[in-house]
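Each of the next two complexes has subunit A plus one other chain: subunit B in the first, subunit C in the second.
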Partner chain A sequence: MIIAERKPMEEIKQLIAPYRKVLVAGCETCVAVCWVGGEKEVGILASQLRLARGAEGSEISVLEATVERQCEREMVAEIKDKVAEAEAVISLACGSGVQTMAEMFEDKPVFPGVNTTFIGMPEKEGLWVEMCGACGDCFLDRTGGVCPIVRCAKGLLNGPCGGTRKGGKCEIDPDKDCAWVLIYRRLEKQGRLDLMRKYYAPKNYRAVKRPGKVQAAKA
Partner chain B sequence: MAKTFRDILKTKDFVVTAEVGPVKGSSVSKAIEHIELLKDKVDGLNVTDNQSSVMRYPSLGVCLLIKEHGGEPVFQVTCRDRNRLAIQADLLFAYSRGVNNILCLTGDSIDVGDHKEAKQVFDLDSVQLIHLVHTMNSGKDMAGNELDGGIDFCIGTTATPSADPLEPQLIKVEKKLKGGVNFIQTQAVYELDDLKRFTEFVRTIDGGVKILAGIVPVIGAKMAAYMNENVPGISIPQRLIDELAQAPKGTGVAKGIEIAARMIRQIREEKVCDGVHIMFIGREERVPEILEASGLL
Partner chain C sequence: METKIGVFLCNCGAAIKNIDFDAVAEEVVKSPGIACVNLSSDLCLEEGRKKMLSRIKEGNIERVVVAGCSPEFSEHIFREVLEESGVNGNLLSMANIREQCSWAHEGDVTEKAVELVKMAVNRVRLLQPVEKKELAVNKEVLVVGGGFSAISAALQLSRIGLRTTLLEEEAVLGDRPGKLESFYGVDPGAAIGAVEGDRNIEILTSAEMTALEGKIGDFKVGIRREGQEVLRKYGAIVLATEYETELALDSGMKSGPNIVSQEQLSNMLSDPRLKTKPKSVGFVFDFCDENSRFSTLATLHNALEAKKNWDSEIYVFYKSLKVDSRGVETLYKEARDCGVVFLKSEVAPRISVENGQVKIEARDIFLGEDITLTCDLLVAEELRRPVEGSERLSSLLSVRRDSRGFFQDENVHLYPVGSERKGIFFIGGCRGDLDLGRVLADISSVVVNVHELLSSGKALVDVERVRADPQKCVACLTCIRVCPHGAIQLVRSDDSKEVAGISDLACYACGICAAICPAKAIRFKGYGDDETLAQIEAVKESLDGRNMAFCCEHSAYPAADLAGRLRLHYRNNLRIIRVPCAGQVDVFHILKAFENGAASVLVMGCEEGACHHITGNARAKERVRYSKMLLKEVSVDDGRVRMFNLSPNAPHKFVKAVNEIAKITKESGR
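Let's turn to the complex of A and B:
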């Protein structure tokens, strides 16, 4: 899923400083699962904004709305009345949701309330880790299901750099595993180390022609 | 005409290279001093490429200075700061100006340097860079286009004999060797056994490649402990740390030089590998003392 982190309160306050009526718009999909943009977090941010502005003597009316998926026009359309009421929108969805909202309500300023960070998974309660770089040319069949494109700090395709720390940790963070050590161990376990010995040519960075567009195959 | 580094690698019993680290700024007088001091004492001078991800005078710039002053440069090229177009263009420029030796490296992460917010490139990795040089040596660019005037680089790369875990690193070395390299410069080694084990491994794959052991003098027990803890691929044995700790105050550098020279002599006497690459970062002017103490001058 898509992982995001909420922007600092000060930054959000700055974004909406000129407005007296704003809508905080959440999304119940990825950002709800990673605790930053679902209905609950919409309520929290709305309360924080009311309190903060109240304390500054600059009263604000904060509306709240959450849709199932903010990256789908039909679902965003469900909250058009609330958008119409507000002077500006703070979206707690990923960048895709923010843009869907901004495109649908072109006369309304739509601000991001979160920083979209990566595609990942929960490692444990409250901790998410990056797993996929959406490169458009999946390499996981050759690496025992460990992505070197994003899990190696340098995105190397032919094995570890010389920066691997003792015990197989990453050069830039001793708390992170070296992806190539993980790949080595996984392939060794499966008796498939020959895959790691193969030479892999430079990646085709045009596998996805940016901006990306995917057309579903016709049935 | 002086022998090329490629010829020296082929013919000389014990090859010695050193390093000239570019400065931060446009003043090249110090680099020229180091070049003048070292060019006739060693077989090649490496120039680091924004070492430790710290922005400096370019590797190729100092390589040209080395040529101008009659030395033999080894152009270090990392994959961190340039994409495949920029690297190929630099190789053409380097070769056209007589810089004919390249050391292919991955490059440190941007995070360890002084421009931490920069976008790191890594369009290629070091194995792919080796393949790229071969492609260009054959007269074509990476896209398959003919070059009007080709290149012919002597190719080197790096390896980490004391890595932990070692096996994934050795697979990478194997891929580098199969890509085709003339020489390997290792990360600093302090355990002769690590170097022997590494050399034996390399010989099972490539009998012809020349191995230059990395020598970085350690000038104090604290520095040694710090390096053990923080520098990947470094393993300084306790006995050396004890030896450094016992050195009288103010004699750390001399002790570091003594230990480095002892290691070089051992490597040479026992024919462990084909030579050494001495990295005395920030103390280039003391490299001749190491050479002298090792019997190489």
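Let's turn to the complex of A and C:
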């Protein structure tokens, strides 16, 4: 799932400073699940913006809408009337949603209301951790299903480094697990520790062509 | 066609004097959809109810607003009238113009009364009927444990006709030898014989629980026995596992031939081959754990036995002696009469071993002197701790434990035997140190509870009072993680999408899930966003300068009522919105109140650690903190939103909180 964080209010306020009618557009997919872009957050941000302008003594009209998936043109099209009504849009979707919206309404400024941070999972209620760097060349078969590229602070393919702390923690951040300790323990459980002895050549990140494109094998 | 709303105003036998009811009626009738406004002085009495019933029937009234006393007092009465006249009982909204208006303020409060009635009218328009339905429940009960409490509970449950399974990890049933017989004259052998002979009780020994799914009336329990896993179904689960003990000794000291536990002493006393009888015996208890009724009993009992059998000198060191269990006072007197010496000390005695004897040093607070005694034998204080595996079992059952790790959270609302999950109970030693009298009370209590839930084989529930809309649910699992009652599970919706499914049986209708749902998919009939916002909307024009309070119906709301009854007056610019739990108050509701011009917003819930819904008040506190942050971001004074914790019998605290916020908002010119 794509994880995002709300942008600082000050930044959002500045983005919409010239406008008197804005639309806050949420998305009911990833960003709803990670509590930054669903209908609830749309309501909260809209309410905050009205209060902010109220405090400044200037007027604003804030429209609210949520789209099932903001990265789908057909779904974004459902709110086109509201977009037409507004002078600018704040999108609470991931970067992909913001761009879909911006592309569909080219005459309208579409601003991101969140910072898209990573692909991750919930560790517990309200806390999400990064799991995947979307590198385009998955390495997980060799590491017992633990990704060292994002979960090791140094992104080492041949770990661990010399700095693993007691208790299997990372030398950079003692609150985080050393990914290579996790990998070792996992492979140990599977009787595949021989993989630890293997040397992996540096990953060719140039294989990841930008912008990426994935064509489904079957139509 | 517009829905027909009937408004009933009651002056409570002229107990409400400072409201001009005609003026209220005149103002309220202007609202759209009002079919009639009726004045009464005895609405809750038989005459009044009859009149109300006929008005509803004659006027084909579809929704009802009653303005008068507190709903805490009379809501159920008026719901019945509605049901009798063929209107769903949930289509009632009450305006509390007595306790929270007339009696709470001095002088004429007609204006406030009008606003309160308008709030109720706005709310009633949005209410939806809640139907009732009978659901079948499984009548079998699982009792976990094999000790005295488990066996006795199983026997009593069987006696009221419920088929019961006893699940015990050990190979045989029964307590550790000697524990109960000697102190209480209870013969566990007889009880074990009785369960073994009871065809309504199935005994599974050397067995353990490995999985739990489902909810009250329909628990699916995975059981591992002799290497095999089986899935069994039960309507309720009673946990009756025991506790363990360890000696509370300073570091460096350990048990040995002259430092023993109560159990070891019992064994010594009954050992005919004991070579030398100790000439002096010291007992120490109640220093580490003040919940020491069982140790008091054990100490008195064993001290007397040692006196009788060995004729030893006996010294008992204690902090406070608890003699409120049955028979203990008599034992204490008997012990004193026999010459047992009791020495009260504030701090635990210092223990050391010298030349094969135990030296006990303490300060006797009655003599005001330091005392040093040497004894042949010391019976050390015992600490009770939860049995091994309690942690695993608590996560399996999704129930919280107390600060010492015993079952049952310290929340007072769960006592005596309840848990935060309907249909899961704790009795006896697994919830702490209990003496026999309390264990027996636990057993009776659990039998009554289980009987009420399961005996008829069905349960009457509100249908979908709280429901996650499968179209809007994004299956983020948040509600499942936060529901304090374990009432939500992931289910397949009609179109086979995975969504949150709220069990009507297990749900307590607290609204914590509705307030946290990021997709606003959870609809709580009666306390939805719409109903809340409609109430705020009703006072919008006059909201400037008003303080809004979201009051939990278990604490702050009745506290406000009590303040009215005691005529503790406060400023009449407070508007209260009644909520089922402070945890139902959403950040969004708070912001909306400010957006509509509120001077301040109070969120008032139960005292910390005493929330009816376990985590509701803690969540409310967290949301208030978050709201402060959001308000600060947009340059709104964050002191204008506050959380207060209070109990229902704390009217003075309520008034103090209200006055405090009133002062702040007044000073800031609002």
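We take it that the second predicted complex is superposed on the first by the 217 of 219 C-alpha atoms of A that agree within 3 Å, B and C clash if a C-alpha of one lies under 4 Å from a C-alpha of the other, contacts with A are read in each partner's own complex, and residues count from 1 in each chain.
The working rule: a residue touches a chain if its C-beta (ideal position, glycine included) is under 8 Å from a C-beta of that chain, and two chains touch if they have at least 3 such contacts.
Since the structure is predicted, the reported quantities are computational estimates derived from the model, not experimental observations.
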Contacts of A:Pro202 with subunit B and subunit C, given as first, second, both or neither: first
First, second, both or neither for A:Gly155, with subunit B first and subunit C second: first
Contacts of A:Glu125 with subunit B and subunit C, given as first, second, both or neither: second
Contacts of A:Ala55 with subunit B and subunit C, given as first, second, both or neither: second
Partner chain(s) touched by A:Met9 [first = subunit B, second = subunit C, both, neither]: second
First (subunit B), second (subunit C), both or neither touched by A:Pro18: neither
Which superposed partner A:Glu41 touches (first subunit B, second subunit C, both, neither): second
Touching partner for A:Thr29 - first (subunit B), second (subunit C), both, neither: second
Set of subunit A residues, in rising order, touched by both subunit B and subunit C: none
Complex contacts: residues of subunit A adjacent to subunit B: 153-168, 171-172, 178, 180-181, 183-184, 193, 196-197, 199-203, 205
Subunit C-touching residues of subunit A, taken from the complex the two chains share: 8-10, 13, 28-29, 32-35, 38-41, 43-44, 47-52, 54-56, 122, 124-125
In the complex with subunit A, residue positions of subunit B that touch it: 79-80, 84, 106-109, 111-112, 120, 122-128, 131-132, 142, 158-160, 163-165, 167-169, 171-172, 174-175, 178-179, 187, 232-233
Complex contacts: residues of subunit C adjacent to subunit A: 472, 474-478, 481-482, 517-520, 586-588, 591-592, 594-595, 630-631, 633-636
